[in-house]
Amino acid sequence: MTENYRFASFTTFAGVEDLPLDKVADERPDVVIIGAPIDWGATYRGGARFGPKAIREADYLGADGERPHLPTGIDPLSELRVVDVGDIAVPPGYLEDALGTLADAIERIAAAGAVPIVLGGDHSVTFGNGTGLARVHGDGSFGIVHFDAHADTGETNVGALHGHGTPMRRLIESGAVPGHRFVQIGLRGYWPDPPTVAWMKDQAMRTFLMSEIVERGLRPVVADAVAAASEGDTRGIFISVDVDVVDPGMAPGTGTPEPGGITSRELLDTVRRLARELPVVGADIVEVSPPYDGPGQVTAFLANRVVLEILNGMAERKVGA
Amino acid sequence: MTENYRFASFTTFAGVEDLPLDKVADERPDVVIIGAPIDWGATYRGGARFGPKAIREADYLGADGERPHLPTGIDPLSELRVVDVGDIAVPPGYLEDALGTLADAIERIAAAGAVPIVLGGDHSVTFGNGTGLARVHGDGSFGIVHFDAHADTGETNVGALHGHGTPMRRLIESGAVPGHRFVQIGLRGYWPDPPTVAWMKDQAMRTFLMSEIVERGLRPVVADAVAAASEGDTRGIFISVDVDVVDPGMAPGTGTPEPGGITSRELLDTVRRLARELPVVGADIVEVSPPYDGPGQVTAFLANRVVLEILNGMAERKVGA
Amino acid sequence: MTENYRFASFTTFAGVEDLPLDKVADERPDVVIIGAPIDWGATYRGGARFGPKAIREADYLGADGERPHLPTGIDPLSELRVVDVGDIAVPPGYLEDALGTLADAIERIAAAGAVPIVLGGDHSVTFGNGTGLARVHGDGSFGIVHFDAHADTGETNVGALHGHGTPMRRLIESGAVPGHRFVQIGLRGYWPDPPTVAWMKDQAMRTFLMSEIVERGLRPVVADAVAAASEGDTRGIFISVDVDVVDPGMAPGTGTPEPGGITSRELLDTVRRLARELPVVGADIVEVSPPYDGPGQVTAFLANRVVLEILNGMAERKVGA
Amino acid sequence: MTENYRFASFTTFAGVEDLPLDKVADERPDVVIIGAPIDWGATYRGGARFGPKAIREADYLGADGERPHLPTGIDPLSELRVVDVGDIAVPPGYLEDALGTLADAIERIAAAGAVPIVLGGDHSVTFGNGTGLARVHGDGSFGIVHFDAHADTGETNVGALHGHGTPMRRLIESGAVPGHRFVQIGLRGYWPDPPTVAWMKDQAMRTFLMSEIVERGLRPVVADAVAAASEGDTRGIFISVDVDVVDPGMAPGTGTPEPGGITSRELLDTVRRLARELPVVGADIVEVSPPYDGPGQVTAFLANRVVLEILNGMAERKVGA
Amino acid sequence: MTENYRFASFTTFAGVEDLPLDKVADERPDVVIIGAPIDWGATYRGGARFGPKAIREADYLGADGERPHLPTGIDPLSELRVVDVGDIAVPPGYLEDALGTLADAIERIAAAGAVPIVLGGDHSVTFGNGTGLARVHGDGSFGIVHFDAHADTGETNVGALHGHGTPMRRLIESGAVPGHRFVQIGLRGYWPDPPTVAWMKDQAMRTFLMSEIVERGLRPVVADAVAAASEGDTRGIFISVDVDVVDPGMAPGTGTPEPGGITSRELLDTVRRLARELPVVGADIVEVSPPYDGPGQVTAFLANRVVLEILNGMAERKVGA
Amino acid sequence: MTENYRFASFTTFAGVEDLPLDKVADERPDVVIIGAPIDWGATYRGGARFGPKAIREADYLGADGERPHLPTGIDPLSELRVVDVGDIAVPPGYLEDALGTLADAIERIAAAGAVPIVLGGDHSVTFGNGTGLARVHGDGSFGIVHFDAHADTGETNVGALHGHGTPMRRLIESGAVPGHRFVQIGLRGYWPDPPTVAWMKDQAMRTFLMSEIVERGLRPVVADAVAAASEGDTRGIFISVDVDVVDPGMAPGTGTPEPGGITSRELLDTVRRLARELPVVGADIVEVSPPYDGPGQVTAFLANRVVLEILNGMAERKVGA
């Protein structure tokens, strides 16, 4: 699908099989990695267009399609058939077109029975991801567990409909993911404004602020999040990880850093737990911005492991570990 | 309390007067500095959205509105009334809207009898600049002297109409600036393809490749460029400086670096000469990308001086120096 | 035209009102932000002269003077009238003169009934801050809660009276802030030497080493600090935050990094608590050194939020939250 | 003339006495610092050849041979005679020769009754260190407490015997340090593969994964590690610290970053505890890679303090603190 | 050939066909790109192991196997069949083994009638390249035009036979390339010592120092170099480009920077001229060290264009341009 | 054990003899290297306090006190006895004291018959250097050939007497170096203001602007400079090299970058020529700021070679080359 696109990396995640998007329907893999090299939805620092490339390449292990997980002894790439379809091809500066292209790709993946894991890109991509999934699974059928420093429920993005500050609101408005299906973890700082917070409450969104996490500890909060995400007739969850949920002191390579977040370790453990305890219908890891990551590129390494931990949780669930 | 102190932020270029755009019509300054913080037209590395900020701040001199030019003894900020209207407000990811907003702003500036100098932004902004100017001065009335490693005459920008690879073609197609009014200096490398080169020739664009500059020397080439730009009934020139015309070894902070360009010194001397020898109706300096510029930010410093040298050439012309 | 757009320069902290220092007496704001761009008191790495600029600009939110605090729902910039007077103007290399200029400015602010929050600069500025405040509030009338990896109680600074290693000693010697009014949090490492430690004890300074914080936990230590700072007839506290109290792994942009500190989150929570529980007469945030902060500038972002959390704590106290 | 001035180069660690290696036998110091500037055993990013230089220089204190420890009041450089013999001289690209040279140097140091502390270098150097020590103390006579994200027990290093992925296996195979003498702390991620894990178990190596540390807390795990390292007739421990045991978010300057590690503070406290509670026969601190450390060089600063904390623990043990 | 090797990039140069090395004999392409990710021959800064990856990726154009050359209108990738076999697989730290592996690969390429272009790696790789070629073309049958700041004719490399300071001497000693077949361009600085210079003279090596280039101009010097390289019964030339021949001010990403070199433009023009005027039997571009190149990675971009200019010169020669 | 190994720290320039300043009078070396780690005279970016360290360490050659010059075959460290006395010890923030300390040190060196070469530091140090030399050689007895983008003749430095903008004026005013003894090369940009330029003319200072260098070529300008510097009864010249005379595109690591300068090569050739053609009484190389130099540290490498080229010119003069 990449078609020589300029931001693209030229490998696959962890060296898994390279499969063109149009073969997914026939091959029916368990999981499909796909890149969404879009950063023109970001209101401040860009750079996330190089996120998919950086996340794939932030890996000192062999490109051999094997990742045996040390604590569990499970190799998620062996338990699950994971393929990588490359990045969607999108012209810069036409955000709505790009999100449409993304939604179509996600729809095709989900329609093939596979779980898409999207490498962003800024957070505007979650609108495309949620939209595409809802077309297959049905509006309101799944929840989103959303890790972030920011609620991403803005009424507009600097005056525009789409952008990295509005995807959750747009998904609620479109009906793809109703407000009560949202569980947000890690919010903090000085945004959004009270009317938006009130609107979120009206939508019955569940939010766990960092202040609550500090007060109660992360584990009980995640237990509550799991309970909330399991309510009712949900068919599964979409895990949306904005890497800025982690403290920027540990994950500097991101566009809108908000100090005071969780640790890298906490994020890794939590996404694995979620994927083990709940049925995952999709995931994205967004807002990794390589030009702001420094020579060590530690944020990209973290994002790479977020994907692996989600996969491992899914594999543990599958094998009943 | 700051009193132009050197460590402080610069809000206006060189500390010139801060004037709201809607006052320009009344105040009728000679020159208006305006920022176009757009980088979602770039096909490879972004970052130029921070160009306007970086160019204004890459300045160790006081924010005092004084810049006496050592070689000529002229202070262009004294000879010309220069104001800064800040940056246009644009939502990321909606390129055509942003270019429309820019064109409107440029039109207002030109309509007030002022010369706009635009701090980019990626090169897509030149479409907005040329369009706005043509609305006031008339289609075909002015030429563009275009410094660049790339022709920017692509048929599409990764499939889209607008972007940093197509502005010159779009201006020719719209009639704002016909092909024979273009003089391009510094082109090199492996782009565009022969059909595009043929199209450029058909449009009667004049191009001076780096290979010709190396062969003949820059001065005679610029003399030819001046002659070409002066042909016929032209009312003036727009100087469009893509900072990547300079060798990336000397100007690393740019999005699509093409080795083998001119030196910083050559660029500075040439833009001043053009502004002294030809009537300038506008200018832009684009593709300065701070996140790729390194800690010294030398490319932003260069761009700051490009603006000053243009202003000084204009001042020299005015005082008959 | 800029309208608080996010890529633009910030001239005032968070876009609050820009007020000249000589208007402060008339306007009588609640809080005055002031920059002290001094780094010639640093014995190792400099760069903190750009601290005020970096702290103001490390902000992806609008320059709109609004900062609604997500956990409390309070907007401190609405509850308190906060202005920014810019930076003091000081010639580099004349430290004592600069500290004198700073002390005069702080005195004027305090005399107007306002709380100064000083953006450093290296830690030598705290001598100026404490001196200026004591002129208004009276010697010995307030305490200093001092977050730092270092005690800053050196007998000399590489042989000189003033510098970033001596401000606390100088304040004690001058009588402005007696030793028993000091509460120090986060000290660690291999400095100062035992005679200095003995002197500190003789002065009745209270110090909470990192080793004690690790042993007992930060919250009980802060409770003790609050109690200590409230003793006797104190009229309030000055919060002095050396950003190197945070582990350099999370806050690399500082001059004298000492591994093993608290987390960013802990610092933010603690300064807010202090400002909520105790009357604040002033504050400074110092030793942010942008050239050592890497492309993400995460230390500057942290410092920006330290200021906001102090303001929020003050606002909570005011509204009785 | 320099007189330990802070901006100057450091030639010896903390300014301790510079002693040629061939004088060690006569002088019989307590501790010998030695650099092993080898990075051609690293399979991914290099740069650790500059580790010894960076670790010595990451120090804002005087080069005066004094380091009074704030929490204990002990100056380890006063309690122990510590000297620095500089770096071994090794031709790049001949790894086995270099390890041989290193083993010889370590043997000489240990034979003189001194404890070597080796500044790496990549982790391949631990084979040289363990080999040299075993020649003096006897095969199987001491244990290794090994902090690392990785087990370093690969069968080969990209097909070769030696490299940074195999030193522990080579030491077990040679008999220098039997498997049951190994205690590994902090392992995580997706390496090595199950056969290697099985081999490690067969060798009776003790491993404490990060997942166990998260579950139980670090202190009880270290207590178990101390117990394990004290078993039987061990004559002492070698502490091998791969700086990547710390989360790369806090210690980015390393070659094979694996997110999810311990904090800097935890590492510092733990090595001091070990050195206080157990007899140390040697130590190394490896995998510090300055070109990936960013402008703040915080990983090198951390490594410098790791050495000091080990020294302090040894001094505490000596004085019975 | 790459076999999941860790330094490898996962694309091909300019998107040309990916061909396994063992297919080269059958397919008989004109040119074979091959990476030699070796930096353990460097005596100072490493990092060149990532040179092949960086050179392939330093390219904003499409991975489409098309590179139409603007000045000549020739697309070298169309005139010549160019393939990329990836990187050789080599264990770090075993330099002689790696050079042997490289020589074997080069031999296979040359035996298939193809011209190898090697992406280094440090300059030690030229020994492998020259050795492999001589096995096919015959000892003494071709010359080397060597661009470099350094003569690379050391007697030893820090005491060892091989390394980046000795390849030219080893090739002369082995007889593969006799001294009179060497033409060196751009030497400068303070190395090697007079006995080595005398030895070079004894071998009849031709050297053009930078001082001569400054005095006479580069063009006449290159004319002399062409004449020298054409002498006698030579069957062709190998072009060995150490990127440090360019001034480090323009090409900072290299291991042993020696100020005072040629410009990027001069290098590009000269290698194209050589490839047009002389029959090329092979080439290498070495000593590109990405970790020292800064965020713009301009040295890698330059090296990418060096390869393309060589290819274009070869294509011009082929089509008789 | 280090034996001048290349990764090691350099304590003396090029590994020359380390001699305490108080032994200089007895030992009477030809040249004394001395560091002046002062950057609190800089009005914009600091960092030059680490200039002496960076200049000594920017050297991939052995610390062996040998530097055979390739073009001439002369080893200046063999022809001249060069020693390094380290850095002066100065408290930060007390500029006048520091300049006094420096002047005293320079006086002692000159009184011993040696030529001081000072590694700065910002340009304020030249006042100390000139003052110290004049005490020995006599006021007005020597000239200064001053390479710089800036005239450094400000009336004040942000209101203070001393700083990096005023040293030349202060030397003229004190009588140490009268105006007609100054030859300035490379000035450009927008500073100083016309009154200062007029004052410079009144003092009979000779200035060669960059614009003149571009117009006439550097060689004839230097010939004029040599003639000017040789006029009358001068006893010799002091060469003061502000590294910002070089274009910041090639030398980014400096505090006040002014685009449009000479090349690195031109600077190296010119200082050698001056030292060969004129009697040198001293030299300094200033304004090298490592934190702004990027990972390649190319500006420090350039400065290292400036020192060597001056030494080589002096050696050539001595041996009559």
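Going by the order they are written in, the chains are A, B, C, D, E and F; count residues from 1 in each one.
To be clear about the criterion, a contact is a pair of C-beta atoms (placed from the backbone, for glycine too) under 8 Å apart; a residue touches a chain by one contact, two chains touch by 3 or more.
Quick caveat: nothing in here was measured; it's all calculated off a predicted structure.
Traced through touching neighbours, the fewest hops from chain C to chain E number 2. Residues touching across the chain B and chain C pair largely coincide in numbering: over half of the numbers involved belong to both copies.
Ranked by separation of Cα centres from chain B, the top chain is D. The centroid of the Cα atoms in chain B and the matching centroid in chain D are 55 Å apart. Put simply, the C-alpha centre of chain C and that of chain F have 39 angstrom between them. Chain centres here are Cα means. That of chain A falls 38 Å from that of chain C. Residue positions of chain D touching 2 or more other chains, listed in rising order: 5, 7, 43-45, 49-50, 89, 247, 249-250, 291-292, 294-295.
On the chain F side of its complex with chain C, the touching residues are 39-43, 45-47, 49-50, 89-97, 124, 156-160, 162-163, 291-292.
Listing the residues of chain D that touch chain C in their complex gives 5-7, 60-61, 66-71, 73, 246-247, 249-251, 263-265, 268-269, 294-296, 298-299, 301-302, 305, 308.
Here chain B touches chain C in the complex through residues 1-3, 5, 7-11, 20-21, 34-35, 37, 49-50, 52-53, 56-57, 85-89, 105, 291, 295, going by the rule given at the top. Chain contact summary for the complex, chain B toward chain E: residues 43-45, 187-194, 197, 209-211, 214, 247-250, 252-261, 291-294.
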